[in-house]
């Protein structure tokens, strides 16, 4: 039997979901931008990308549309990357605003409440490439960065931008108020132009799924394998999406869908399951809150069907200790997977339960994917206690997941090239 | 070597953390309740409980203190359990209030903004045991429920209650306003008495760690193994803790600490890592926001050290497929752990890559802990496709994690008692 | 022809006005108090009282109803009278709240925004008779004071009070919050009882017209002639009625009706033309803002018809100088009316224009009603300049409106018992 | 004795007031406009103008400064004059905003809260000369209108305008938001330019006193005698100054000073005593609320000293009936002054008290200045009742203050050219 005959049922499942919402024609396409108003309201698409880079999609997955507010979290990540968290936090707060997407919400320090509302997003855009950057240089930097995240060259819809700028009074009002409070320095019209061009970058649901999966994967673009975002930046970006991504429905979204998300008025919607998946949908009709009607419906279904809720309390299966075997007086403990605190606790618990015999204990780390410093400390401490109990100990670490082999008392642990080296 | 010689380093680590914050004597004990004002400001304690029921603690872990606002999420869970989500949502919303803990925040429908502020908590308290319950019956129900969650009989500090009631003007103001808007029916003084008694239930950090771990474990009390809370109720409770648990610092807490949490003015603080851990600390001095100063510091350290941030994008190690082995024409696929969507996707991906040979394929589910419906569907679909490709298929499911053996086309899959039955 | 045959057309005019609005049955009687809900919605009455004590009325002018919020300005006047402006301002601010009548509006110093909202009115009530007064003593003091203002013994509707107290959750909520912020010290229930009894004092439109005319007349009860309120207290009371008396329609009321006013939920409405009139209406059906529908309509008509608008720019006829006559070398200047700055300016202007002849100038003050200190200074200065120009001067002041006869240079002006004394 | 020797003591009094506040150098000149920042902080001036056109001034009464926000009430009057109250009310509300002078305050209908905040003032400016007017045409219209009010050709400080436009981000923010809500149609930059030019019109305190006196005089410029503003427009303008002229101190200002007022950041301050006076002061140092420090102090002193408080309850002296004399069977009733409702009531009361004898009654209106329709009705009705009691009646009305001589029953009253005609 050849592999390609075993077709994946996931795209079929995604198609089923699309069909289940296709009849819902409630809502209206965004009407405050003339060009958006002309948009075909019917396209419907979904895409999922795993952190391993496998993409599944269904529907109109090759139709391009503009990112609009979906650009906000990615620009936020870029600003954090360029300027560091301190400067970004000094400029824009991270509290839920409880307000609609384009209100002017400043906190007591005259900072925009968060980077997911327009006031915050315009301020974030201005941080990128330095406040003295030309509009074109800044936008080009953003376009290139987004292109790297998507894994292909993205284009800007400049006709839409022109259309948007005609009715950009809200954003101009916000930009002038930001200037007034010294949050931004640039000319207000340039600031709005710069932000509007960022919003007009065109993508498909497949692009968005990959970009979003990059955030889910701690910044590693899952197709190209390039590390594009720091892990901490990913965490901060997801946090603000979770608390403020869905405008004044943040709490309800967290209760019912339970994943960090962001929507755009062109009809896009993205959601992230950290460490697992990036998801995106496209359907241009919007509800009163400015979110895609069918997109929201799909996300609710996905969350229920697929158990994606972040607050899901399904016990995370911790199989840190793959096996403990004994042969010829050598006990081999094989660890596997991503070693975090819970994995470390699992390891310590397992060795505490185990009746060690013979003279030597070998810890095989060759199947460990990532090793959190806390878990590393726990593993070393456990191994040291085995040693202190009278056993010889050694480590097999072919991929160098362990930065050094020094125990907490300064002594060194022996290494083996492989288990077979014994 | 005997197991009890291998002492666990975790309590030592917890002690270290306590020592690292002990010198911080900033903040003041709550001063608005005379009895709380008299509290010793010095105790310092921490406890962690895994979903498997292993408890680690350090410091003054046997000192009792009152739950205060920490009772809110557990009472919310009890109300959801008793009345269902619909009635609870009709009474109290789930949006962040952006306000201090005792403000009167009603939304456009005159519902308190969320159950973590006093207005919401008083309304939630009134839902428990029916609105026509006597105060004593309601409070006894809550006390018993909390006792079951803690795994021991908890007591109410009635002297503190009396002290609190003397200065309960804010809560009385809130209760009268709730009555005015028809949110509660009971006498305002009874409502405040009932809520105040709920707040005065006495616990230790170890109790709190176990109670919190019950939420983390999807409602299964990890020590007694009793299923006390529905999975969905856990999810809703954690969601509202994440979005509104830390008052007007919700967004900042989510960015920097990143776990659902709740604090109480007696100095307690709890945090939850869904599916993994319940954590609690105790230190009575409070910051301006009414949160334990050293508690917040500990949680920040823990989150950094232990990698507990919910938005952590460390790839979740998915080892759904433990092994695929072939022997005598029979290919055995062994699944393990909690099977969610990602695990299902991992299974489908693995069988697509695999070159099946021989005549029969056996799927061994004996190491599967939980099986999400979506994963079940994916597993069945994958197995059916192997069958459709010409193999005989059979399932080993000794723990009946699979509710039925019917494929999507109505045909039945064969079962084996164990792999050895072949 | 005998005087009593010349009937006054004013009551006829008032009757006409009542008929013009009688068909308007829009609105509902207040429904939040069971007893008020039972009220007959049909009565319709109006009364006007001049500062000289002439009362005109029409319609159901003998029907009693409760004062409700109309008690607020009179209680405010009593508190100002008892405690002085400083203590009252420390307790309650005077800014418009822009909110409905029973909201809890505290300013940055935790003071109620103004004494016309319930929070402010409850705080004001507590100031009366000292904060340690019993409820009965305080209410009796208020009842007696209001009775003196009305010129007859007023009674309290205690059955209504009981009915109100049953549903007094809003006021209890407010009272507890005031206690919480230290604005009031008394038990919250006592505070609400005390305020509710104040609101339940029963009056007719004729009573209200007299009470209101007392405020209009600078505190002199126009029937009994007793000075019951300081002039400054009247001014402060009218000011706060003008800026905050009509809830969230303060600005619109000032533009369209233009007189200080206050309404009560039992259907009463009072308005004041300072120095001229007190007006009151009664019609129990209320609009959405809680103001009497027909009452508001009547006031709009009255304001237009009668030219009562405070911002009316009709030139105030200043005939301060009644006549200047010359006989036998003596020029007599006769002043009349209330001498304010404008009157003083008129006097100075007239004497500047006049060609004085002869040797002596007599200033006759016998027709002067009141003499403002500024006008007094201007008159003396004018007279002194006449003297300095070479004339003998003397004053006729039979009613002693001038406290002394010393010029600004210390010299004394001669007095005459009457003009005839020359 | 010649008239010019009797110098007026009023300017001396004004000088005294200036000296009493001169030492107060608290506050700072406006610093948000570079050109204003350079202003000399020391000038100090005051002017008063009566509705009869007599001007008194002291201090630096010839120093020119820009109107700034003082232009708001006059532009409001012009817009009301041009567009009518309905269109103006549809565009801008009249409720106190409780906010600082340059906040963006829109009500539930997206109307600026009132015309005294910048949002309202920019919207009002746009109504003048039609929304399709060029900036220059609109500003020229305003400049000419203001010049007519002042009685001399006023100029615009265009250098200051340029300086203001550089830092006009707040106003630009407001203008864009107004455009966004459809409150204004014009280009935002043009709207701000137009408003800024209006603010930059240069005046002295004497100009302001005359302009303000025009409002006080019901729209008649007191020097030129031209009727420039409708009486109703004056009333609406004064109303909004009273309720919203002093920013977030409206209530306190009404309590303590008690006259409609408006301040400008260049240091000007105007106040109006309807029907009597216009007052203006100039002193550039501002308090935290943006009001002239010494200006506020002067107004408080003036209000106390001169008894200007609108809520002053000094009985308005009503001497409507100058004399009633009888000679040769003819009783002559001589009325005088401005006949309003109170005057009418006084007339009716007097004739009711009078014992008429003889055969004829003559009513002499030759000393009546203005005759309110209500008073007219009362006078006619009184006269008709005298006639109905059996007397012949006639009217002397040389100035035609009575538009017709028809009684309420359709009969005609006789007229005499003068009393002497009998």
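Note that the chains are named A, B, C and D in the order they appear, and that numbering of residues resets to 1 at the start of each chain.
Everything that follows uses one rule, which is that a contact is a pair of C-beta atoms (placed from the backbone, for glycine too) under 8 Å apart; a residue touches a chain by one contact, two chains touch by 3 or more.
Only a predicted model underlies this, so the values are computations on that prediction, with no experimental measurement involved.
**Q** Which chains does subunit A share as contact partners with subunit D?
**A** none
**Q** Which chain's centre, taken as the mean of its Cα atoms, is farthest from the centre of subunit B?
**A** D
**Q** Where the CA atoms of subunit B average out and where those of subunit D average out, how many Å apart are those spots?
**A** About 67 Å, centre to centre.
**Q** Quick check: how many Å separate the C-alpha centres of subunit C and subunit D?
**A** 23
**Q** Can you list every residue of subunit C that touches 2 or more other chains, as numbers and ranges?
**A** Counting only residues that touch two or more other chains, subunit C contributes none.
**Q** Touching pairs of chains, all of them, please.
**A** Chain-chain contacts present: A-B, A-D, B-C, C-D.
**Q** How about subunit D: which of its residues touch subunit C in the complex?
**A** Those residues of subunit D that touch subunit C are 1-3, 5-10, 13, 50-52, 54, 93-96, 98, 114, 215-219, 231, 234-236, 238-240, 242-244, 248-252, 254-255, 258, 260, 273-277, 305-319, 336-338, 340-342, 345, 348-349, 351-357, 369-370, 372-375, 377-378, 381-382, 385-386, 389-391.
**Q** Which residues of subunit B touch subunit C in their complex?
**A** Subunit B reaches subunit C through residues 104, 169-170, 172-177, 179-180, 188.
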